[in-house]
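To start, I am sharing the structure in question, which I have written as structure tokens.
Should a chain be cited, it is by its letter among A, B, C, D and E, assigned in written order, with residues numbered from 1 in that chain.
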Amino acid sequence: MKNYRILGLFNNFEEAFSALHDIRASKVPGVTIDDVTLNSPIEHPEIEEVLGDRPCHLPKFTLAGAMFGLVFGFLFLASAQATFLVQPQGGKPVIPLPSNFVLVYEMIIFFGVWATFFAFLFLSRLFRKRHNLYSEKVSLDQIGVIVELDKSKLDSLKDLFKQHKVLEIREEDIR
Amino acid sequence: MSLSNILNNWSHYRRGAEEGGHHDYEHRWTMAINLDKCIGCNACSVACYSENNLAVVGKAKFDKGQAMHWMRIERYFDESEKEFPDSGASFLPMMCQQCGAATCEPVCPVAATYHTPDGLNAQVYNRCIGSRYCSNNCPFRVRYFNFYSYYESSWPEPLNLQLNPDITVRDKGVMEKCTFCVQRIRVAKDKAKMADRRVIDGEFTTACAQVCPTSAIVFGDTMDKDSQVAKLWKKQQVERVVTKQNKSNSELRGYRIFEELNVDPSVMYMERVRDTEI
Amino acid sequence: MKALKYLLASTLVAVIYIAGPGQSPALAVDAIPPGGSHDGVDVPQPIEFPHDIHVEVNKINCMYCHTYARRSKVAGIPPTSKCMGCHKIIATDKPRIQKLTEYWTKGESPKWKKVHDLPDFVHFTHERHIKRFVFDQDFPVEDVKEVCAFCHGQVKNMTVAHKVKPLNMGWCVSCHEANGGPGDCWKCHK
Amino acid sequence: MNGPVKRRDFLKMMGVSGVGGTLAGCDLPSTVTLEEGKEDVVSYFMPEEYVIPGVGVWFASTCLQCDAGCGIHGRVREGRFLKVEGNPDSPINKGKTCQMGQAGVQSHYNPDRITQPMMREGGKLIAVSWEQANSALKQKLSNAGKKIGWFTGTISGHQSALITNYLDAVDASTESHFTHDVVNAAVWQAVNKDMLGDSMPELHMDKAALILSFGADFLGTWVSPVHFAGKWGEFRSAEAGAGRGTLIQVESKMTLTGGNADLWVPAKSGSEGAIALGLVNYVIKNSPNAGNNISSEQQNLISSYSLEKVAQIAGTSQDYIKRIGDALIKRSPSLVLAGASVEGHEHGYDAVAAIMLLNIVLGNVGKTIQPSNATPFPQLQAKPGNTRDLIEFTNAAKSKKFDVVFFSGSNPVFTAPDSLGLKDALGNVGFKVAVSTFPDETTMQADLVLPLSSYAEDWGTHVPAYQEDRNIVAVQQPLMNNLYSDTKGLGDILLDLLKDKKPDEYGSYKDYYAYLQDAIKTLRGSSSIKEPEAGDLQFWNKTLKTGLIDVADQKNTFASTISTENVTIKLPEEKTDSAYPYQLAPVARLGLYDGRHANLPWLQESPDQISKVVWDSWAEMHPNTAKKIGVSHGDLIEVASENGSIKLKAYIIKGVHPDTIAIPLGQGHEEFGRYAKGLGVNPLKILTARTDSKTGELAMYATRVKVTALGKEDVFVRLGGNDTQVGRKFVRTIPVEVLKRTEGA
Amino acid sequence: MIVSEKDINEQIKWAQINTDVLRSLENPRKAYWVALFICFAMFSCAVVAEVYQYQVGLGPTNLNNPHMWDMYIATFVFWIGMSHSGTLLSAILHIIHADWRKPIYRFAEAMTTFSLLTAGFFPMIHLGRVWNLYWVLPYVSDRGHWPNFRSPLAWDAFAISTYLSASMLFLFIGMIPDLAICRDNTTGWRKKLYTAISLGWTGNDRQWRTFRKTYLLMACFLIPLAVSVHSIVSSDFAVSIMPGWHITSFPPYFVAGALYSGCAAIITLFVLLRYFFRFEEYMTTAIMEKTAKLTFAIAMVWTYLNLIEFGATWYGHNMYDKELLIAKATGPYAWVFWTMIFCGMVVPFALAVQKFRRHMPTMFVVSLFLNLSMYFERWMIVAPTLSMSHQSHQWDVMWPSIVQWAIVFGSFGWFGILFLIFVKVFPSISMYEVKEMVYHRKREAELEGASAATNKPNLEGAS
């Protein structure tokens, strides 16, 4: 039962990562790396090495948006042109490919961008209330390691944090 | 269904002017102007003012270049084997050429100018938003823009009583141009349809052609093979759509201005003649 | 795989969307009357002309009085002399007719208010519509009021005319599309 | 059945609203602009059968914008007169009009029209009622006795007859009717009269292979421009009898006709007579066919005009003259014309006579110059306007010959040169009555102003001075009811005057319309009418329908032997004047004409055909002259004669002789409404009042001027930014040989 | 002497970065209010002119038959061009991992968005009947009407809306971590505002991961988009048949011009921000040098394309094009032409001199010249080309009227208002990215320090 959440604030990535290495190495039994959330002021480039690969589905949304732009764009334009009451032809075909290409190109990007944006909002789980353990120090210069765990593991994890020069530890009951 | 419409008529929708275009033309209103007869007297221009409710802009605005004259007589002083002014001036009546592949049409963002099944370039005043792109893209520079609202300044009472009720008075912000007197075309076509017949050649003509004292302007329907204008085009071996005329006799007088730009003008001019033997 | 699903889904949405507004040009054998309705305001007229009595009771054809409809773009208000053609004799005791007689003796025509008033840049023509819906279809001319009702509503039930159709462009266009009317802007706008 | 009365009822305007469809300014979606119960709609009261609202009806009438007498059709819809088209039945214009004719609607609807009688009180014109105006007029007239005069423009038909009758009725001589027009061919007519016995012979341009025109702007303002333009169409077509005709124009300033010439030869104005004599000399020497009915005295004179001498007098190259001579010999028949710049000199008559001599020598008389039809109704015949009457009137007024003078259809205060002293002379006229549509300069000098109906509201008949092909009397009928209820037609005003003097003769006529109906009935009775219809009414209806009365041909005959015996041609030696080195050419232009159309905005905005200037005056000068004076295009200059000076802009153009400064007529109005007032200058003001020695006509081209540069000015208000095609082949020109090959011209 | 300098002092503490940047948000000085007032006054001129123009029609602008377009369109192109700065600096440099962009990309991106917001006005202002503007949008209408999809002006509507949404999203997404910082360090209305718009950012690994992907994808979209937008703007001209407009090289020419003017504008704002906000620590001369070098490179591309165009015209033997080129260089518009050539082709050589590159006032002046040249370039394309066309009869010379000037002048005020508000409400330096930059630099230095010998010069002593 993961009924407790604990936050440890570290001075820098090295110290936080060494703590995480210990968690990965199952120094605290029952606490795995998947229970860990890392809060940081910047994104560390080698974060995967520490936290392991966590999936991100964003590009699929983008692709879907772009493909929608492509198909919808062309069909929309072509049907509008074909059903237009009058024809501003200028000697050109009713469905002119060059100009439709330009517009479809724009629509691919338009829908792609918006799809990406909404996917971002959705996938990064924004719009949620920050939990009580959020520390403003994280946005300043400290690294926060949040672990969800059973109360029984609390003390051993605290010890592990302290080994790695944790600056501050906060905890909350999330039952 | 739109989708099936597109798929079924795909080849039709992909037809450009070279393949006959989108329309199956009912009429093809065209003109032939004999520049040897044209004396440059401006009667056509004033007749156009009278017929089409053109605004008189006054001296200051004329000076700015904001005048409206759908039909203008251009006067040139060159193009002669002899040195000017030996053989007089050259006069050129210039109005909208009602191009078959008009460059003004594709650039209008709201399709206020389009191609009618009569082969005319329509300008729909109430659709126009005044982007003026069409004028920029017109090689003949025959589109005129309402830079002001001229209703009160140009037709102080009772001059407004002269306004032709068949034609809209254009307000500020609207592009306008020669329509080949579409209100007359409309009346003639309605009349013909009411009697279940085709429009007869010579039944009506445009204001400029009607007034022309020397009958230099001939207007008609080239779809009607017996019309005067169709005969003139045929005699001069001027073809539509092409960008370069292929005549059996290269000395024939008919030509179209800027046909090499692939705009397919509907007005054929016939070369001015000068007697060089004297 | 998922991407393909997305693609199919988006295509479907696109197709459904496009299918909505599209129309295929239908050639109507018989006329399809325009739909739409409009709640017009009551327009006070100099004389409260009772269309209902003339049409329903006396069975007078619309084009007897609006005689220009088949010959001109305007249907025309009948000249005062036409009214007096009957009302010199008929119903001379009624107050409305007395009002009319007053105009007649003064040598004036009443100043009617336009009820079906299109914007000035719209050039509607009655004669073509009458030709298309009445004469070309061998529609009985005595029932012409049913054709008039397409745009003017059931005037036979009104006293003075009352606008009951929107008469806006979308409405015109929908009827033109339904009945294969011309789609050329220059038919009406010039 | 009295159809026309009802028809005139139809000319009443239907409802005032819905005048012209306007595109609303800030229109929101169309539902917003749809209105209910906002606009009025008024039905006809009792219409004619053929009256259909929404459908235009055409009525035939006659154009009065100039004196050519073209037949017109006026489009009438809902009681409004909307458009002028030519009347195809009219032999004058054959369904065509010029721009002045088109602008007729604007002179009818002009916002500056006089709408009510006005009388001078305390130096100002005050609006009065017709009763007041009539009583004042009656009193003045009874005091004046026979010291009454009429001053009009060219006039003909029953209005002219009524003036004559009126002057008769007050015992004034017909000499008291002055007809004045600046644009005229009076000297040419006098020469024709003297040499051919026919003052207005028919000119068959379509039969000519070559036209040699000395300053005759027959496509622009000369005699009957629309008619000649129609003939020009035939003249220029390859199908014409003589093939495509060639035009040679010899003049000092390129007119519209000059702009269309195959060969345009600049020559000093006043030297044309010499050129003609030089050509006669050349033709006689080089052509075996040349006629030789020339007196020996003249032979001597002519032989002294060698090409060399002629070229020197004319200030042009000898090559030109020789080419003209060769062309005249080669091409036959030809036609030689003389225009205003020939006439406008003290020796104008002689110069025109020399030109007619050339015609005679070339054998054109009888071929391209043919006898005209005489009108069988001499009382209706045109009294062509001229400038001699202006001078005579001035002299008469100076000697206080008139107590009351009526002015109508002419604007002498505008057209008279200052040096003539007309303004002072007018002070000697006791009571000046202006019968006028517009507040022009003369009207504003008048003591009583009677508001005249526009030509589209009035009845009348007109006999065009120049007629060809057919002989007609043109009929003018209203195209619309009076726009202003207080205006009256000229015929009605004349009739009122006559009713006073001869009540028994004219009292029975309700109005001029009734008089005219009666008069036309009388005409029908005469044997000279072609196809008189069965009854009076039918004839009347047919007359209104066609807008003219066909009169039987009645050809004049030329003098049996056309000789030049009795014509002495004396051309003066050329004078040079170092103080005033340039000739002033006041040129009438198609459009504003002599200035009478300066109040029509369409014509103000319609560019001059050659210079393309609008809304302004300009002085054309040759580039060499400009260089000499030191002005560039668009600079302000002062043009000064002995009799005054004017300031205007210089227009530098090669189409003018280097010794000539050409200024168009028409602008420089001090009155005449909002569109005319304060624009440009009037060159007539600085003319020196010299006269032609034989006819007494004003020598319009005899004034010499000097030019001073006054510095930079704004650019011209003109159409187009470029005079050349910059290599683009908009107007392509081919030599006539090519046309001969393709179309057999 | 070649002086090499670090882009940023990697010893800056992260907390220091927060303090420095957040300081710029606080307590506007008097100068700020004066600047805002001036901008507002400029904008008011435009409003007055536009109201007048709306009432009367387009007549008072001096536009006429051949000159149907003038300063409005030129200014539109100019502002669109300006907007390419942000895209270039953030998107392209982001993708190629040029991390020196980090301290300066934020205001460049803001510039992108605000230039677009300014540019968007001009197609509307130049319309004769602006109240019917919505007809350009493709909406389903019972009138059976659509916009004309063939028209480059309709393409403009598509392109601008796409570009505006993309660049705004790009700016906004990139700002979210910084907004969270602001949220954590402010009180009062600012706290509420930042709380709302930071969307609950906590900086956890999931958010960072998605953020990185999003940012990269957005950047990938933005690059082709930026190129296409200015190509489409160039199509307004190139698609027409006008001599002087109908030129194949217009799309790349316009894109190069856009990048050029964008870079020039970045230099201008760089100097101003550095001076007013005392950002010397972050907007260092080293970064300025790099920006200037980039600008120089783009200037040369533009110069090359310009010369190509002239050359092609000259040897092309198209009568119309050639006479137009000659007229531009010798006619009444020649002074504009030569100013453009001088400022755009000669002045940038100043950027090749290191001494100038490192001297802020010089760079400021040079950047103004470059901007002037770019404005003239756009105006030369629009107005003098229209003065000469196929139809020689209608040739004309026209100069814009006060109404046009007022509106163009006011557009700078509008941009100024937006930008001034931005710099006081949002951090104009990206804090989290500067932190990243400092972090990486430090790590690199340490790695280098570890691998290299000890005789490496002391980094701090180098400056």
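As a convention for this text, a contact is a pair of C-beta atoms (placed from the backbone, for glycine too) under 8 Å apart; a residue touches a chain by one contact, two chains touch by 3 or more.
These numbers were taken from a predicted model, which means no experiment stands behind them.
K.L.:
Drop chain B from the picture, leave everything else in place, and list the groups of chains that still touch each other.
P.N.:
one piece
K.L.:
For chain B and chain E, what is the smallest step count along a path of chains that touch one another?
P.N.:
1
K.L.:
Any idea which chain sits dead centre by C-alpha averages?
P.N.:
Of the chains present, the most centrally placed is B.
K.L.:
Given the two chain pairs B-C and D-E, which is bridged by the higher number of C-beta pairs in contact?
P.N.:
Counting C-beta pairs in contact, B-C comes out ahead.
K.L.:
Could you tell me which chain lies farthest from chain A when each chain's centre is the average position of its Cα atoms?
P.N.:
So the chain farthest away from chain A turns out to be D.
K.L.:
Taking the mean of the C-alpha atoms as each chain's centre, how many Å separate chain C from chain E?
P.N.:
56
K.L.:
Quick one: report the Å distance separating chain C from chain D, using the average Cα coordinate of each chain.
P.N.:
Each chain's C-alpha centroid was found; their separation is 52 Å.
K.L.:
Centre to centre, by mean C-alpha position, how many angstrom separate chain B and chain D?
P.N.:
Distance between chain centres, rounded to whole Å: 32 Å.
K.L.:
Which whole number of Å gives the spacing of the CA centres of chain A and chain E?
P.N.:
Averaging C-alpha atoms per chain gives centres 30 Å apart.
K.L.:
Pull out every residue in chain C that's touching 2 or more other chains.
P.N.:
15, 18, 21-22, 119-121, 123, 169, 173, 183-185
K.L.:
Out of chain A, which residues touch more than one other chain, so two or more?
P.N.:
Chain A, residues with two or more chain partners: 75-76, 79, 81-86, 88, 90, 92, 96, 99.
K.L.:
Two or more other chains in contact with one residue: find those residues in chain D.
P.N.:
18, 20-24, 27, 30, 720-721, 724-725, 730 - these are the residues of chain D that touch more than one other chain.
K.L.:
Which chains are in touch, pair by pair?
P.N.:
Touching chain pairs, listed by label, are A-B, A-C, A-E, B-C, B-D, B-E, C-D, C-E, D-E.
K.L.:
How about chain C: which of its residues touch chain B in the complex?
P.N.:
Against chain B, the touching part of chain C is residues 15, 18-19, 21-22, 24, 119-121, 123, 125, 127-128, 131, 184-187, 189-190.
K.L.:
Hey, which residues of chain E end up touching chain C in the complex?
P.N.:
It comes out as residues 140-144.
K.L.:
Can you list the chain B residues touching chain C in their complex?
P.N.:
Going through chain B, the ones touching chain C are 1-3, 5, 114, 116-117, 120, 122, 124-127, 166-169, 179, 182-183, 186, 190, 193-194.
K.L.:
Give every residue of chain B touching chain D within the complex, in rising order.
P.N.:
34-37, 39-43, 45-47, 49-51, 53, 56-59, 62-63, 65, 67, 69, 72-81, 84-92, 94, 125-126, 149, 151, 154-165, 167-172, 174, 207, 210-216, 249, 251-253, 255, 257, 269, 271-278
K.L.:
Once bound in the complex, which stretches of chain E touch chain A?
P.N.:
Residue list for chain E touching chain A: 13-15, 18, 138, 143-146, 148-150, 154-155, 158-159, 161-162, 165-166, 169, 173, 177, 180-181, 183-185, 199-214, 217-218, 221, 224-225, 228, 232, 235, 432-433, 435-436, 439-440.
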